[in-house]
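Once you've had a glance at the structure underneath, I'll fire off some questions.
Chain nomenclature is as follows: A, B and C, assigned in order of appearance, with residue numbering initiated at 1 for each chain independently.
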Amino acid sequence: MRIARLVLALVLTAGLMTLVGVVPEGSKASAQQAKTVIKFGVNRAAENLDPVTQDANPDIWAFTQIYQQLVRVNVKGDGFEPDLAEKWSNSADGRTWTFNLRKNAKFSNGDPVKASDAVWSLKRARDTKGPWKWALEAVEDIQAKDDYTVVISLKEPWAPFLADISLFSNSILPEKVFKGAKDEDFSNKPVGSGPFMLVDWKKGEELVMKANPHYYEKGIPKTAELRIRYIPDDNSRIIALQSGDVDGIDYPPFSRIEELRKDPKLEAQLNPSTQVSHLSLNTREAPLNNVKFRQALAYATDRAAIVKAVCFGHCTPATTFLPMTTPFFNKGSKGYAYDLNKAKQLLKESGITTPVTLKLLYRSNDAVHQPTAVTLKEMWGKLGVNLELEPLDRATATQRYRANQFQVYVTGWTNDIPDPSQLAAYALGFTESESYHSGYKSAEMDALLAKGMREINPEKRRQIYYEIQELALRDSPLIILYYSPYTIAISKKMKGFVQMATGPWLFKGVTIGE
Amino acid sequence: MSTLAEELAVGSAVRPRFHHGLAVGGAMLVLLVAAALVGPRVSPYDPNAHDFEQILQAPSAVHPFGTDNFGRDVLTRVLSGAAIDLRIGVLAAVFPFLFGSILGAAAGYYGQWVDTLVMRSVDVFTAVPFFVLVAAIVAFLGPGEVNIFIAIGVAEWVTYARLVRGEVLRERSLDYVAAGRALGFPRSRILLGHILPNALPPAVIFLTSDVVLTILTTATLGFLGLGVRPPTPEWGMMMSEGREFLSNGWWVATMPGFACLYTGLAFILLGDGVADLLRVKGQ
Amino acid sequence: MPLLRYALRRIGQTLPVALLVTVLIFFLIKLIPGDPATAILGERASDAAVRALQQQWGLDRPLPVQYGVYMRNLLTGDLGQSLRYRTPVIDLLPRRATVTLFLVVYSMLLSLLVAVPLAMVAATHRDRWPDQLVRGLIVVPLASPVFWIGILVLILFALTLRWFPASGYGEGFLGHLWHLFLPALTLSSFFTAVLTRNLRSALIDVQTTAYVDFARAKGLDRRTVLLHHVLRAALLPIVTLIGVRLSYTIGGSVVVETVFALPGLGSWMIESIFARDYMVVQTLTLAFALGVMVINLLTDLIYPLFDPRVRMG
């Protein structure tokens, strides 16, 4: 009896509290904060904010609010701007670079940014066995000539050096804070000179940043607080934007862009990017070791159809392996047109008999890989190639790919530096990744790649990279699919949001209106 | 202590007036199976044929359930999916039923070390959240129908084992068993001939609702990226993939959802009817 | 004290089980291809970088050795590091646990709040239209995937009506209640359906016993009889049901936590399996196993309080 009453009482109380909870104090407070906080919803959570050891976009795009480099890539992704260095020059022989630091930059703890900090940070970046070590491989030595001058000497003249030094892994950290610090502190307690500083981090939930009081640009950041919220489900993230819970989101699916454009309160952005989607073919074994077969597959790929199915028309069918916005991208290259007859012709010439079965490996639960895979299966089926789809979770797929245990792999690339050398070396030069793990090895290509790194004259360099692009098309160890923009959706109240072509967001100029 | 199985078994109505549950549920299922067998043959569309001129078309005379984001006919896919989901649902529920019931009966009847072995194994498997265990096993084995069967089977047999064991324990203490032993009947005969027919009904009833649970688990696996391999027209995958298009193509995810509801209703009615039929002793 | 002895005996029996579970899960997860270094560094990092990280984290040693290290650390109270977040697991656990427990208890209460009146309506109008309506309605959550219900709930309440926020955990107790209402509602739907069916059946059964006839003979009206006597008897199976469902619900919270972006244990567990964040998986497995043990023990102890006819052990 009493127990029944108790249960009923509890149930009624819960019900009452639920109804009362409909308008809690929290909502009133957030209405007042609307102008002083930027709330941004993202589909992947940041995990590691240490510039040298991280390797994921969410990490990079978060800590670029906190850290600066000597030189930074411009928004369009085709040039460089001063960051911590006001001006820079290199010697006549191209082997010594001098950077003059600005004198008013300060870390968020109040300490001025000195050349010694730059030297210490860059040496750490060069010496740590992290994923970005390659960026400083050409560096011989790093010295501080005085408190505000950094001198970097190279082993040989290096064409992409400025691009390399602008890489986010070469951020400048305060030596005093981090010398001898534990690994975890680099990630959990970042201290930088950028417009924002980290105030609170609920892992896997939300990053809270506030304005760096010592940042040298007056009036920047325009909004004092930034919250980056992890909302993994696409539908939920869009609903959070539409209902005003957040002011902007990243990666709305392509299928929702038109609908978001029609919403009068929202703005859907397709920002130019350095993204390219492609297939890696394992050329070590039959039938993919047959170049005519690979060319046949390339001709049998209807890129326009893929763009329709995967991007709902918002991507560009690809021609060469370089992203469209990369310097020395060959705008005149035709790439592979969709020509089923030519594909069948090449298939006959290759000597491979149909039907032939290939396994297509890709990361499951990826919004673009799955439709790409399904579309390819249908397309290549017309050629007599039966694709068996193998969706695996991210870690398993990555493991298989790295171990070369695949036949066809759906993947993509984003340039981190505005220079074609990063991708070219990775995709076509055997040493770094066995050419995207395809096993492609060509002496001719290796020679061209080496020349491309060292040729200082831009016009000559351009010709070299044009040749590289053509050779890559002929040998076809990769099948290039499409170039895709970054998708972003923001409230019209959010002004001043910028996304760089290399991907990072810039929040320092953002204001949230009424 | 009652179990998930018991809660679903007991929840069914036990009044004689509900005989029609068996008929209605059975009829719905027969209709479903017929549609699954005949539908894809009769349809003018290939469930996997892309048609980029017909992306995300609303339901119409030409496409009664509309088309999806590849231009595939949703009705054909739902009908093709019926066979797949019924197969998954039934097989992934029947094997744990058989396996679990045998083990549970043995544990309940023979007791002692058999009981300890089975029950401790049950404890081990219930100590991991059901869905996490299924997901981990599928991640380990890789994608595909067979692996999903295995994963669900490994996680689900414990429910049947516990249920049947409880029933066997209850039956074992009844008078007729002691009488049988006194008369010299062999233990196996008592178990198979008398105890099991009385102990199995709750497990059978749970089986009917387990079929639906299995289809739902497969759908949730699809949500996490661990479902059947595309382009298999499995309802759960269709719901999971289709949820991206709720605002501009609600039919893509909703039609398979209705199919799921229909199947669920059929099995629940069937289960209620079976419970009604088999339950004689008031509880 | 027989109660204490019984409890201790149960704990003694189940601790080895909990340990066995950790062994199984340890090896199962480690045997899935891929490791955290590969998962974190991704496709592009050099082999040297991956190897360096693997060595740093002790992932290149033989599995039994790794398990030994894990057990040794566990015995000294060190639950390990989340490799993904470079933070001790113990630092991340409290918030996650609070979120999930709040969610689960909230959803159980909502289930009771909805199921009890529904069952009573159905039972008192047996086979007439209110009963048919209730039984028809509860098929929906029984035959729909949770993520489905979650999205529909989101669209209706968060987007169209704007009554509740779309995601997140909120701040302050009332903030949590507000933010967690939709997720709790979603999570509770299956259990509500099951509970309604069960309760309805139990209510119908008890209604016709002599117990009730006697009360009616005493002159009490039908509704009073139902509330006082019948409900009390029917509460017995509910208690055990809640005990069982609690463990299913924690596992089932994975989907709800993902859809509503709640930083809870369920989604953390699944994310950690995908990220091969081994120590997190181990800790959560152990915590869950122990939790199930405690819940089972509690329900077995509470059961006789309701029904003295049942003896323990």
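Everything below uses one rule, namely that contacts are C-beta pairs under 8 Å (C-beta built on N, C-alpha and C of every residue); 3 or more make two chains touch, one makes a residue touch a chain.
These figures come from a predicted structure and were not determined experimentally.
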> Hey, which pair has more contacts between C-betas, A-B or B-C?
Replying inline: B-C
> Looking at C-alpha means, what's the farthest chain from subunit B?
Replying inline: A
>> Using Cα averages as centroids, what's the distance between subunit A and subunit C in whole Å?
In response: 37
> How far is the middle of subunit A from the middle of subunit B, if each middle is the mean of its Cα atoms, in Å?
Replying inline: 43
> Rounded to the nearest whole Å, what is the centre-to-centre distance of subunit B and subunit C, using the mean of the C-alpha atoms as each centre?
Replying inline: 21
> Taking each residue of subunit A in turn, which ones touch at least two of the other chains?
Replying inline: 235, 393, 396
>> Quick check on subunit B: which residues sit in contact with 2+ other chains?
In response: 139, 224, 243, 246
>> Where in subunit C do residues touch at least two different other chains?
In response: 32, 151, 155, 258, 274
>> Please output the residues of subunit B touching subunit C within their complex, sorted ascending.
In response: 1-4, 7-8, 10-15, 17, 120, 123-124, 126-132, 135-137, 139-140, 209, 212, 216, 219-220, 223-224, 236, 239-240, 243, 246, 253, 257, 260-261, 263-265, 268, 282-283
> What residues of subunit A sit close enough to touch subunit B in their complex?
Replying inline: 234-235, 253, 255-256, 258-259, 305, 308-309, 364-365, 367, 370-371, 373-375, 377-378, 388-393, 396
>> Considering only the defined contacts, which subunit A positions touch subunit C in the complex?
In response: 1, 3-4, 7-8, 10-12, 14-15, 17-18, 20-27, 41, 47-48, 55-56, 129-131, 133-134, 183-184, 187-188, 202-206, 229-233, 235-237, 239-240, 242-243, 245, 393-396, 398-402, 411, 426, 432-433
> Which subunit B residues qualify as touching subunit A in the complex?
Replying inline: 48-50, 52, 55, 69-70, 139, 142-143, 224-226, 229-231, 241, 243-248
> Tell me, which parts of subunit C touch subunit B in their complex?
Replying inline: 14, 17-18, 20-21, 24-25, 28-29, 31-32, 126-127, 139-140, 142-148, 151, 155, 194-195, 197-198, 200-202, 204-205, 237, 240-241, 243-245, 247-248, 250-252, 254-255, 258, 266, 269-270, 273-274, 285, 288-289, 292-293, 296, 299-300, 303
